[in-house]
Every structure is written in C-alpha cells, then in structure tokens.
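Have a look at these structures, which come just after this line.
What follows is a pair of complexes built around chain A, which joins chain B in one and chain C in the other.
Up next, the complex of A and B:
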C-alpha cells in the first residue's frame, strides 16, 4: 500500500495528520516532558544532574545510580502562570522512589506550599511514572513517600495538585496513594493505576488470581480508560503533549474540588457495598457498578 | 557494577557543559563539563563488568577528535558500544564551542 492510498478517505487523512502532528508524551524522557509542558524558554531545573544528588545506597548494592536519582524538578510557567513540574523518570529503576528522589518531590511540594503561604501562586504538577518505593532503599523510601502524601494534603488546601499518569510504567505502590490524594488526575489510555502491580499480585496470590501476562485483562482492570470510566481520574487524553498541557490548564481552572477524592470515604464505602465478593467481577461489570459520575 | 577511569590529553578548554541520556536499560547518561586540569578525565560506572577493553576502544575513538579539557562522567546501564558512541557524540555536539 502506498502512502497516497490512505488519503482517499478524507476522515482517514485527517486522522492520520492529527496522529502525525502529535508529540508523544510517552516517548519523551522525564526532562523532555517537563520542558514540553512548560512554556518555551521558561524551563529551569532545580537540583539537576550537575548537582549530583544521586542515591548513596544504590552503588553500595552494586547498582549504577543516576545523577538526578530519576526525578526532574522543573520551575517555569504554564500558560504564563508559575508552575512546578515534578517528573519521575520511569526508565531509571522503574521510576522507583528512593530516599533522594522522593525527597526532591517532597521538598518541591513544601516549597510550593511556602510560596502560597507567602501569597505567591504556583501550580504543582506531578508526573507519576513509578512502580512505587525503591526496594533497595526500603524504609527510607517509604518514610519519604509518606512525607509526599502529607505534603500533597497540606498543599491542596491552597491549590489543586494535579497528577498525571501517562504510561507505560504506570503508577503503583505508595505513589498510587499519592495519585489518589491529588486534587485532579489526568490519565492516558496507556496508563495503569493500582496499589499493587499485576506482577506482584500474580507472585503473591498465584496465576489463578491474576495472570500478569494478560495485557488486555490487566488494562481492563487498572488501565487509564477503566480508571477514568469508574471515576478514579478526571481527564482521559491521547498521547500528545499539547492535549496534556490543555488538560492541566482546564483542571487548574476548575479551582479546588468541593471535596477531594480521598475525603469521599462514604462514597467509596457505598461503592464497595455494591460488590458481591462471592461472584466474579471483571472490568466491564465494574464500569456498570461504578459509573463515572457516580461519585459525590 | 564496575568503575573505570580513563585520561586523555587535551588541547583547549571547554566553556559549556551538557547532560544527555538516561540510566535505563540499554542506555546510559553522559555528563560533560569544563575541567580544572588541562586533561580530559573520564569516569565510567557500568552495570556490566569485564568490558574495560571495549570501553577503552570506544573512548579512544571519541577522544581522537574531541580534544577539550573536560570532566566526563558516564553512568551506564548495559548500553551497546554503538549506543555509547552515539551518546558521546551527542554530548560532544552540545558543548561544541
């Protein structure tokens, strides 16, 4: 088939042009993502590679560290307004949160809160591409992830904290709790969100419980579309930097939610009560039980 | 993990610094910045041990045409020699005077 054959159908040609003009967020690295979200020329990195704030624990265990410990903190402007992007690099150690990388995020959230407390507005955006805490740094990582949770809760009194899960690593473990604490969550279809990753569930509960190799089934349970349709995310977008920028701006413009997702305990208890644990449940059935607008 | 050190003669100074790449599977990061001493010093930390000769060959080739006094740090996560050469060229391009 030659390229021109695609053009005979105008809608197909439009779709193709739209697809080709997209700038894939998934294909970018964390630093590029932060640059793509901020206004051109406004990107300024805090604690960048040349500050060499790397993990002191990984080399002791024979693992090569990274000069930024896999987290990029970028100050700049988004649509002309001050913003701080906290981007996790999924390619380095699965985006795992070590003592240093998690501290960078916790400190950035704290600084943003300090700005608000002294009357300066700033929009915090978390790019969550992470398997959760870094097992090699165990309790140190856990402790700082808990600090991130506390900082999100403290900051979201002032400003919506916006989380983004783009994929392909997804967002798991302690950082999935961070995602749940965000005021608003943006997901791509390629994203996954879950407390336990599918491999962990398979390893701990057996392949009869969950086959981590069954991609379609995994995404039907914890994929971006499913999480959006069941009300765990606020925006579902395509893999395009401009759409992501727009989604973040739209959500920021909504202001603080009347009630944060993590405060809606009674809603979720009501939802859980709808489930009959004696009967099998799959993704499509859960969508019927928990429709998107059901919350609040 | 293995740490390797190399030194090359330098002819001129460097004025800029650059960071490229990521410590992800099959990739590496390169940090290159101006050095105090009039030589190029390279430190390699690689997840794959026992390839000192291959590293020397790849670095020899790069420093045969890159003759600036520089401090170079490489954190490697199993990149092929071709990948290493490309990342070095990319970093070299960015710091070109």
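Up next, the complex of A and C:
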C-alpha cells in the first residue's frame, strides 16, 4: 500500500475534494487525535488533566509540569469495538517519557491485558510521538519504559498491539524499541523512527558520521516511507484521520501475526550477514536489498 | 577511545561465573555465552564485551550493536526452545554495556528493532519460567541496558566505582537538555533519577540488591564466591515468587521515590471500568 494506491486513478476534482476533506493528524494535539480515532461520542479519558497527576521531578528543575504529563489515555470504541488509545503529546517536552507519562502507558497496557485475561476484548493503540526517555527523569523514565516493553510483549499474546508514528517529532530512544515490539506499525511519510535521534548520533559519532541538519538524508535513513519500504512498518498512509482509522481497523482485522517482527531472529540475522559494513549503503540501496513483504 | 580504555569487566565476571565452562560459539567476539554450573544447577551466562575488530566500527567499545542484539535474542531463545519440556535454566545477563552503537548504518538497518528483539527474548524467557537475573558489573547505559538486563526478574549490581545505570551518556544528555556536564552532575546529587551513581540508583527501589565489598575489576576468590551466592539467592527467590517488573515497586525505597509510579497505577485501575 502506498499513500495513493487505494485510490485508483482519481480525477483532479476527486483528488482536490479528498485533499480538502482530509483532517490532518499531525496538526492535532494528542487529545484530539485520540478523539478522532474513536467513534463519535465514545471517548472517555482516564487520568485526565483534572486528576492533576504531574511530574514530581520537573518542578524541582524549574520546568513547568503539565497536568496530564503529556500522555492521554482514552477508552472508547473503534468501529464499534472496545479500544484504548495511548497518545503521547509531542508538544510537551518533546513527547518525552517521564515517570508519570510512561507509567500511564504501562498501566493502561496492563489493564488491557487484565481485560483479555477475564475474557473482555480491547484493542490497544499507541500513538508514538516521542523523543524517548525524558532526561530530566532519566533513570525512572528508562525503568518505566522497560515496563512498557514488558507489557507490550505480554499483551500481544492476546491481541495485536498497534503502534502509530505520525510525526513530526518522530519516535526515538527507548520508545523506538517499544515500536519495534508492536504487532503492527502504521507510519506517515512525515514520521521518523530510530533508536538514536540524529542529534545524538552526531554528538556521539561526529558530524562526518551523520549531519543532523541534513533533513533529506535523515528521512532517507529513518523516514516513514523508508521504514515502510524496507519492512520495518506495516502500513504507510497519508496525513488523514480517516485513513488512520481505516489502517488501524485493517491491521486489527489481520489478527495476531504468525510471529512478531521482533521474534524473526533467524530472518534478520540472515539479512544482516549479507551486509558488508565496509561498503557504502544508503536508503535507496537498502530498499532493493530488504523490500517490503520480503521477510519470511 | 584506545584499546587500553576498553572495559574488561564483562569478560572478568563472565569468566568468574563460568568457572571454566565451555563457551558456546556465537560467531561474534563481542558476545560471550556459556552454560555454567551455579549452586548445582545449569545456568546460561550472557555478556557483551568490547571487540576492537568488530565489523561494525560503532560497536567496538562494548556497545550493543546490530549483530550483538540479534545474537542475544538468538541465544536466549535457544535456551527457551531447548528447555521447553524440562527444567527452565536460569539466564544471567552480565551487564557492562557502553550504551548502544550510534551510527548511520545502525540507524539505516534498524538497530531499534535489534534491541527490541533482545528485550523480547529476555521477557519471553521470563514469562516462560526461566529465572532471569541481571548482574550489573560496570556501565548499564541507555538502550544497551534496555536490551540486555532490564527485562530481568531481578537486578543486582556491584557497589563499586564505575558501576552506573543511566539513560544516556553524560555528554549527550548535557547537549539534549542544554546543560553543562557540571550542571548535570550537580543535579544528580539532589534529583535522584538524574544521578549516574549506583548508590543513588539503588534508592529508586529498582535493584534487588547492591552487593558491597567487591573489587569489580579484579575480584578475589572469596568475592567471586559471594557474588555467586547472591546470584543463586536471587534465582531461588525468583522460583518462589517470580513476579514481573512491577515487583520493583514493592519495596520501601520505591514507596518513597516512586510514589508517582504507584499512584498512577492505582488511580488508573480505579478509573478503568468506572
């Protein structure tokens, strides 16, 4: 599926109408995104701003906390079926995972597993707009991100865990590992997905290794389209809430994968063995080596 | 970083716990695996060590790189498969990892997924009845620790200079948070989760045990015996009460310094079906 494939040979007028009726996911805040994904009227936020669960660590460092710590947990229905959306707000502290924000996600995943264990179905969807661990809460953020990993792995025995990376922050650090653990991943072309943010690679390895200012090169390495075309993501969609809803429904309908991407050890070891690190390799070359759909 | 600065601790403790057990061939000089005997029981040891000739240049200093992470996943899963109808052998991750490999080719080839595969394997082992213990003998930094250690039932660490757990190498953390390294060090003294020091880390309740009085670089025979005893005790404890990562919330330190974690879980559970 490419961004335009599902729409066969549209006329100019149809293309224009479709563009005008699109609701940009990127331009929304996390709460609006969760509302847009759930069926109208079904949105119920848990631990919302009025619960005032803030970061206890940011004020100690002179940073103003937010009353939801940058994560929205919402229950509701998606196409008439129970769902929980865990949406990270990229506009607050770069979507970083602190003790509270990460705990909200870990706890929601665990409660969703509890539902399955008592016979109740619920679809978990993660909106991953995050720079990774919040460095002002470093070790606690990281510890709770490990709990998120543990909970995704435990929950996806029951139900596909669906991750979405829309952009523009992207998905980095420990939360990129969370993305790697998801059953299915939806990306937009504006997304970036990588363990190390470009600035961190430049800092650690030098500007000759990677120039964090070279946007085109960054997207050719870790952009949404690149990740989709090389089999690291399962759906590539345009920036439109309805397309995202549809993509999530389609992936949920697939049921559990025969094996998860992070379980495909022999497959990736075989692929890596064929890589020669002494020879140049760029994004387009990897698309030829590891085409989407090639993984066994 | 010159060869003489490369940390030898992973190998030191791997050898100490292996006690001459035959190594399992991993095809990588950076990944050590062996089935050793500990408290009359077969255990699998896994360590990442520096390999100055690593084919990926950014993974030559003890980082968890692409090959290393997939190899960990492979050797953890091999133990799970072999023990499916027998005693689930304990897995011991010996942790001295200098973060993950930071490079362009690592980004391109999806090191995020490699680390996910390693974390997945350890968590799967934990959920399949294998007691999983992480023994931190040196650095446990960032993604390296998330892939190799954090999914364990129990975290143990040596109380020794140079033993540290952290979310990011210090210089990077300074740049990303727009602070100086000196400011970061000062903050760690008052803001516990920011600290690089293992004793401060222990105050968060995440460690089951901080093992004191051990020379991390050149342990004596009695010191090695004591560390083995503590690891064996952790394994015995897991067999009685395995729990999962949330068991790190049930201790006096966590009640003080992770009160927010506990509060979030309690109140979200209250509201879940409200």
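By definition in this document, the second predicted complex is superposed on the first by the 286 of 296 C-alpha atoms of A that agree within 3 Å, B and C clash if a C-alpha of one lies under 4 Å from a C-alpha of the other, contacts with A are read in each partner's own complex, and residues count from 1 in each chain.
Note that in this section contacts are C-beta pairs under 8 Å (C-beta built on N, C-alpha and C of every residue); 3 or more make two chains touch, one makes a residue touch a chain.
Since the model is a prediction, treat every value here as computed from it, not as a measurement.
On the superposed chain A, the two partners chain B and chain C both fit, without a clash. By the touch criterion stated above, A:92 is placed in contact with chain B alone, chain C being left untouched.
Legend: residue contacts after superposition of the two complexes on their common chain; A:49 is shown touching chain B, with no touch to chain C.
Of the two partner chains placed by the overlay, only chain B lies in contact with A:29; chain C stays clear of it.
By the document's definition of touching, neither partner reaches A:13: not chain B, not chain C. Once the two complexes are overlaid on the shared chain, A:59 sits against chain B while remaining clear of chain C. Using the contact criterion defined above for the overlaid structures, shared-chain residue A:207 touches neither chain B nor chain C, since it reaches no partner. Counting the residues of chain A that each partner touches, chain B and chain C differ, and the larger count belongs to C.
When both complexes are overlaid on chain A, the residue A:103 reaches chain C alone and has no touch with chain B. Superposition on the common chain A brings chain B within a closest Cα-Cα distance of 15 Å of chain C. If you check the complex, the residues on chain C that touch chain A are 55-58, 66-67, 70-71, 73-74, 77, 100, 102-117, 119-121, 123-124, 126-127, 142-143, 145-147, 150-151, 165-169, 171-173, 175-177, 187, 190-195, 201, 204, 206, 244-246, 248, 258-261, 263-265, 267-269, 271-272. Across the interface of their complex, chain C is touched by residues 46-47, 51, 53, 55-57, 60-61, 73, 75, 99-100, 103-104, 106-108, 110-111, 133, 135-147, 149-150, 153-154, 173-174, 176-181, 193-197, 199-201, 203-205, 209-210, 221-222, 227, 230, 232, 260-266, 268-269, 272, 275, 277-278, 281-283, 286 of chain A. Every residue of chain B that touches chain A in the complex is listed here, in rising order: 1, 17, 19, 22-25, 27, 29, 31, 33, 45-47, 73, 75-77.
The residues of chain A lying in touch with chain B in their complex are 29, 48-50, 59, 62-67, 70, 89, 91-93.
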